[in-house]
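Two complexes are shown next, each including chain A; its partner changes from chain B in the first to chain C in the second.
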Partner chain A sequence: MSSRVLPQFDLLEPRNVADVIALLSQHENQVSVLAGGTDLLVWAYIEKNKTPYVLSLSAIEGLDHLDYVAGEGLRIGAKVKVAQLLKHPDVAKHYPALYQAAENFATPQIRNMATVMGNVLRASPAGDCSCAILALGAKVVLQGPAGQRLVDIDDFWVSYGVTERQPDELAVELRIDDTSSSTCSAFQRLTRVHEDLSKLNVAVRLEMDQDTCKQARIAMGCVGPTPLRLKKTERLLTGAKISAELLQQVAAAAREEVTPIDDQRSTAEYRRQVSGVILKRVIEQAVAKS
Partner chain B sequence: MKTKMITLCVNGKDHRFEVPVNRTLLQALRDDLKLTETKYGCGTGECGGCTVLMDGKDSVCSCLTLAVEAEGRHITTVGGMTHEGELHPIQIAFIEEGAVQCGYCTPGMIMKTASILANNPNPTEEEIRKGLDGNICRCTGYEKIVQAVRRASVMMDTAQTRKVGGMRA
Partner chain C sequence: MNAKTYVGQSVPKLDAREKATGQAIYAADLNLPGMLYGKIVRCRDFAHAKVLKLDLSEAAQVPGVVKVLGPKDVTQKRYNSGVLDLMVSEGLGEVLGDIEDQHIFTDYVRHQGDAICGIIAESEEIAEIAAQKVKVFYEALPVYLTAEDSSRPDAIQFDERKPGNRAFQLPEQMFPGNAYGWGDVDAEMAKADMVFEETFTLPKVKQCQMETHSYVAMYDQTGRLNCWTSTQMPKCVQPKLARLFDLPISRVNLVSTTIGGGFGVRLGMICEPETCAMAMAVPGRPVKVQLTREEDWLASESRHPGKYWIKLGVKMDGTPVALDARFMASTGAYFTHASGVPFTTGSWLTGMYKYGAVRYKGEAYFTNQAPSGAFRGYGNPQTNFALEQIVDRACNALNIDPVEWRKKWHKGTGDDGWCIGVPFSSCALDECLDRGAKAIGWNEKRAKYANQTGVKRRGVGVSVMNHTSGAMPMLLEHTTCTVKMNEDGSVVLMISCSDMGQGSHTVLKQIAADALGMPMDEIHILNNMDASGFDIGSHASRTTYVGGGAVIKACEDVKRQLIERASIRLGVDKEDLEFKERQVVARSDASKKLSVKEICHSGVYNFTNPANGETNGVPGQIQGYASHFPSHNSPPFGACFAEVEVDTETGEVKVLELVIAHDIGRAINPMAVEGQLEGGAHQALGMILTEETCYNDAGLCRNNSFTDYKMLGPVDMPRITTILVEQPDPIAPMGIKSVGEAGPVNPVGATANAISHALGIMFTEAPITPERVLKALNQ
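Here is the complex of A and B:
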């Protein structure tokens, strides 16, 4: 027998979203939703997750759509795998930050299994797709007994591991804001080896007019309890011409704005130091490709 | 439900049996079907020892897949790579390049290589190295594994190529 054995649970296999909602309403906090399983099963093994019910999304038709519509944006169904982002030409074209996050996400096996939505729902400050999605701007579509509601990604993560999703709701879709020809974006991260979780990740979305940044969204991970928007730092970029001097000020501002901690992957001191450097680099990368 | 009757298609052959719902695909392969070529390493999706192919091209960690979730998919293990007793070009390439030392990671490495080449028949060295992310080898230092993947890609390109086991089904 292989040495790790999953705890016992009852498997629920609803065939449509309405049945999912009914089961979630019935069992509330007693049920874990299974899509990719790359987080859920690891958590189950190490006994952080021992819900008596596991609800699998496998038997549900749909929720696997990945569509870009100009003027609306990108829609990512709850069952879309990270690897699918890399195969969709519109993701590479319109959302470089998300593409680069997916490209650097974990390992090929995990990219084939893990869902994009799962990364967001995990509410980890180290989620690479989560970081890119926060910078790009998005809404999470939650479906519950009373119908659907949209939660802005800026409000979605409440604290470490906790989201706005209520126990009787299923997160059915991510809607990433549309981009235009003046939008540029990029993602970077720091790890010791490729398989590791990020010790720091960053993504930016900039609306450019020639060399001038009209609007900026900066998301940084591993520097707070959830992925963070660096709003003070963004204000330095808004309306400013991108120059070496400005990027020095931006880097200094980021170091002030982040709130990192020491953990097994890095130290607060190191994270604070590199936050400015990596932000400067990711802005240069985004602008170079626009 | 606590147990479920499932049909698993492994290496082109259907197996019908009852599993507890908390059984992983790896456990079902090793303990129920006695197909012990797929290895248990870390159990948390980091080492790649348990890598199998889904539907002939996607590498997945069988330790993080429930057996019940694999129903309806074509699963290929390294045991499905041989064809009528003949080794697959990927296996030959690993032997010829000396890419095997202790051998524990090899089943996963072979399946990862099959996945890399199914998606990209002529990968660059960089693409090979990036593709091998998620499969850990503690003996070889990877150099010979990278060379074996390259040799396999040349062999499969020039020789009569065969489809990977699960694709035959």
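Here is the complex of A and C:
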């Protein structure tokens, strides 16, 4: 049950990344990194993840860059807010899936606080930006005492709430794979009311040659312990011509591939059934806009 | 008459600016010198258990803890947090079987969140830390979550006075056969050409008022118990506390703080008993108790969930020959409103249509859920869900237009109202139906959506309702008003009626301003429970109807006195005097006049001339007073139309539009009436689409917060068109009828009927979630 009183903790406010790493190493496993706090400061989360230290990123200079470089891709600093994605023309242009995820994400107030990185680090199967990023393909840049390392987004989430990040590492940047003129992508989600966590979310990235799909990445959330790639279903799309019939097969395959559960937001049975429906719609949306 | 009149104008709410800018002072904002903080320690892990041992020793030793109170450290008196006992005669109370079954702190846990003990500390933090050190050893008992479960013969008995865990059924003495209605239902049902029968399941819906419950209490040096609370019935809570703590009413100072929404949850006491008990333990020091939202959910009441069985018999021409119904409500852990809601649920049912015969049975059973109680509509949304859907099913089978059927068979002026024996004084439902149907495009859309095959299908539905304005004649219906005339002619309006945010104080001021022919900003409303007289609280959609009646009477009393005095001073017959622009003027000679201000001023500043012993004017400050018992309840009617779009692949329901036509009699403040209808629609759509408090098998609440109890947000709301149908009621003051409680009623049935129009499937269980829709479509 909730409380009106915050637990006791020491607030650390380092001014640069080097200090962050030093503090993380010093108090290994005892520090929660605070970005926007929209997950961290929710009571249910506090209760489960109490640590003696909270390290706020707010005093750090930098980490707020959001840059698109053709041929390289999109770089999202750890402090970039979800709302910023909506203001950047290159996000809308090159990464419709990410843009749509941000557009559907929570409320303006939450979007102004929540970071994109926080969404990925929360490692929730319901994360909307996470879902889009998984479909788009990305690398998470982790910085630790030994320097930086890049982890592929496909390998980043280990299990519910657990990532590849080591306790002495700070996630500093997301690098979203580049797209080309033949790339199309889209995102959709289902919620109980507009302002809610997803009960199901789906994103796709397709490399198209006319009507033919050369390559596909499908990400789906709330159908497993972490956001999932539906690799079997992707194979049906690879090299195939997009048709109503194919989409029926794709939908059926998705229903087979997902492993949803019952929870407060929906039922396993429902999620399984609509997973195919939404996937079909997302593909149609992606292709229509390309 | 005065050039400016207020009645009929959309005057902005008096408290709007204060609330929108965060200036309004709620109980939680109070900080008194020397204030202590109380924490109610609740049972978190069981819904039904005996406390075997309570160890407070460690908690008591936490530095900063002032006192810890177990069940034995407070009054042993039991109470009923509801207030029905104050509103019915003793005899009727006995017949209804209301009982006092709550303890301030208990050793028998009947629901998760039951209060075990209290901690008083120097800070809220310390109180919470100490609360965590309270050790309670429980013996778990079997958990009953529905009336069906707890009424089983082998179930543990919650209260020896209520065998079979049946808290209430309509009492035989008043309702032969334990049923409400008329005619021989069995005989009439046998004559029906077609019979429609269904059992509907109603969810446990929470009021979700914005302000979580907060209180401050202090037992002061003069022996008065002071309690700051945002209850919606201060004049009932005051005597309740007096009785609980054995004090005369004059020694209970109940301070009514800004109410951050009520919707019925503050109908009676909530945590006033615990807070006051803590304050009594530390005389001279104020104690503040603030609940979290999660706690609020567990500790305060909700709408009654339950099973609503209904059977309608009709002739081929649509004649409703008989209706048989039974509402088996789950009243939760304590009695509270166990008698009130199951009765009124039936009265809205019997009040609606001209059945040949009708038999309604209402029962309430104890369960291990948080208590059920009052929630805006008081049984009416439940009836709307069941009755309006079964009517539509009959209409569909008989191929009769649902609007036409309702126009033909609804009750109207002169028919028995919701309370059999008290006829409807007026009815504008036909106009509501006609104008509503036109606004939504009923005929065109009914036809257009008849045979759809696509993924997204639309439907339109209608629902009607009747309600009441005030609690008369079932309950005591009484309120008082004092109009104090200041020496400058400005006014203090003393009332005990609460403003929960519905705008009742604004409206009462509008009424007073017109009655006295003066500007609103020269009237002050004083809501002081020591100074003002009796009232039964802000509920039963009564405040404008009954409170307004009292205001008018008290203003008449002022005017009578003003005229009497003017008559003496002007030497003019009373009959010849009239009010004109804050003056009393002789009709026969307009030069003979006195201003209201002059009469009031000379009444206060009344000097005697030492030379001749004469005074300037008539002495005495003028106060008007009314102790008002309305003679009727002028019930309003209403029609709602909904248009929905259902996604047959995902089961999602989108409400596209609501048209709500309400029989308001006369709108004192049209904007406020619209606000009530729109806000009510928000609650109705929540109940029908998304809202339900859920429990796991152990009786622990799974969604006592907004994370997983979803109310619709702004983006989710449809376009709403409100139509105020103004046909003044012949009995009501100014022709007015109520709107507040009506709000959340008929969008329930209209939306459900629109969904079945779209899909051809009737949903018997609310909320109608995408999961349920898809499941039904698959079958």
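Please note the rule applied: the second predicted complex is superposed on the first by the 283 of 290 C-alpha atoms of A that agree within 3 Å, B and C clash if a C-alpha of one lies under 4 Å from a C-alpha of the other, contacts with A are read in each partner's own complex, and residues count from 1 in each chain.
Convention: a contact is a pair of C-beta atoms (placed from the backbone, for glycine too) under 8 Å apart; a residue touches a chain by one contact, two chains touch by 3 or more.
Just so you know, these numbers come straight off a predicted model, no measurement behind them.
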- Task: Scan A:His194 for contacts with chain B and chain C and give back first, second, both or neither.
- Result: both
- Mind working out whether A:Ala106 is in touch with chain B, chain C, both or neither, as first, second, both or neither? first
- Which superposed partner A:Arg4 touches (first chain B, second chain C, both, neither): both
- For A:Gly37, select first, second, both or neither according to whether it touches chain B, chain C, the two together, or no partner. first
- Of the partners chain B and chain C, which touch A:Tyr45 in the superposed model: first, second, both, neither? first
- Regarding the shared-chain residue A:Ser243, is it in contact with chain B (first), chain C (second), both, or neither? neither
- Counting residues of chain A in contact, which comes out ahead: chain B or chain C? B
- Overlap of the chain B and chain C footprints on chain A, residue-wise? 1-5, 42, 107, 194-195
- Task: Would you mind writing out the residues of chain A in touch with chain C in their complex?
- Result: 1-5, 42, 44, 107, 190, 192-196, 264-267, 269-270, 273-274, 277-278
- Message: Which stretch or stretches of chain C touch chain A in the complex?
- Response: 42, 44, 124-125, 128-129, 290, 292-295, 649-652, 690, 694, 702-705, 707-708, 710-713, 715-716, 769-771, 774-775, 778
- Message: Which residues of chain B touch chain A once you look at their complex with the stated criterion?
- Response: 1-2, 4, 20-24, 26-27, 30-31, 40, 43-46, 48, 51, 54, 58-61, 63-66, 68-69, 112, 115-116, 130-131, 133-136
- In the complex, chain A touches chain B at residues 1-11, 13, 34, 37-38, 41-42, 45-46, 54, 56, 58, 83, 106-110, 112-113, 194-195
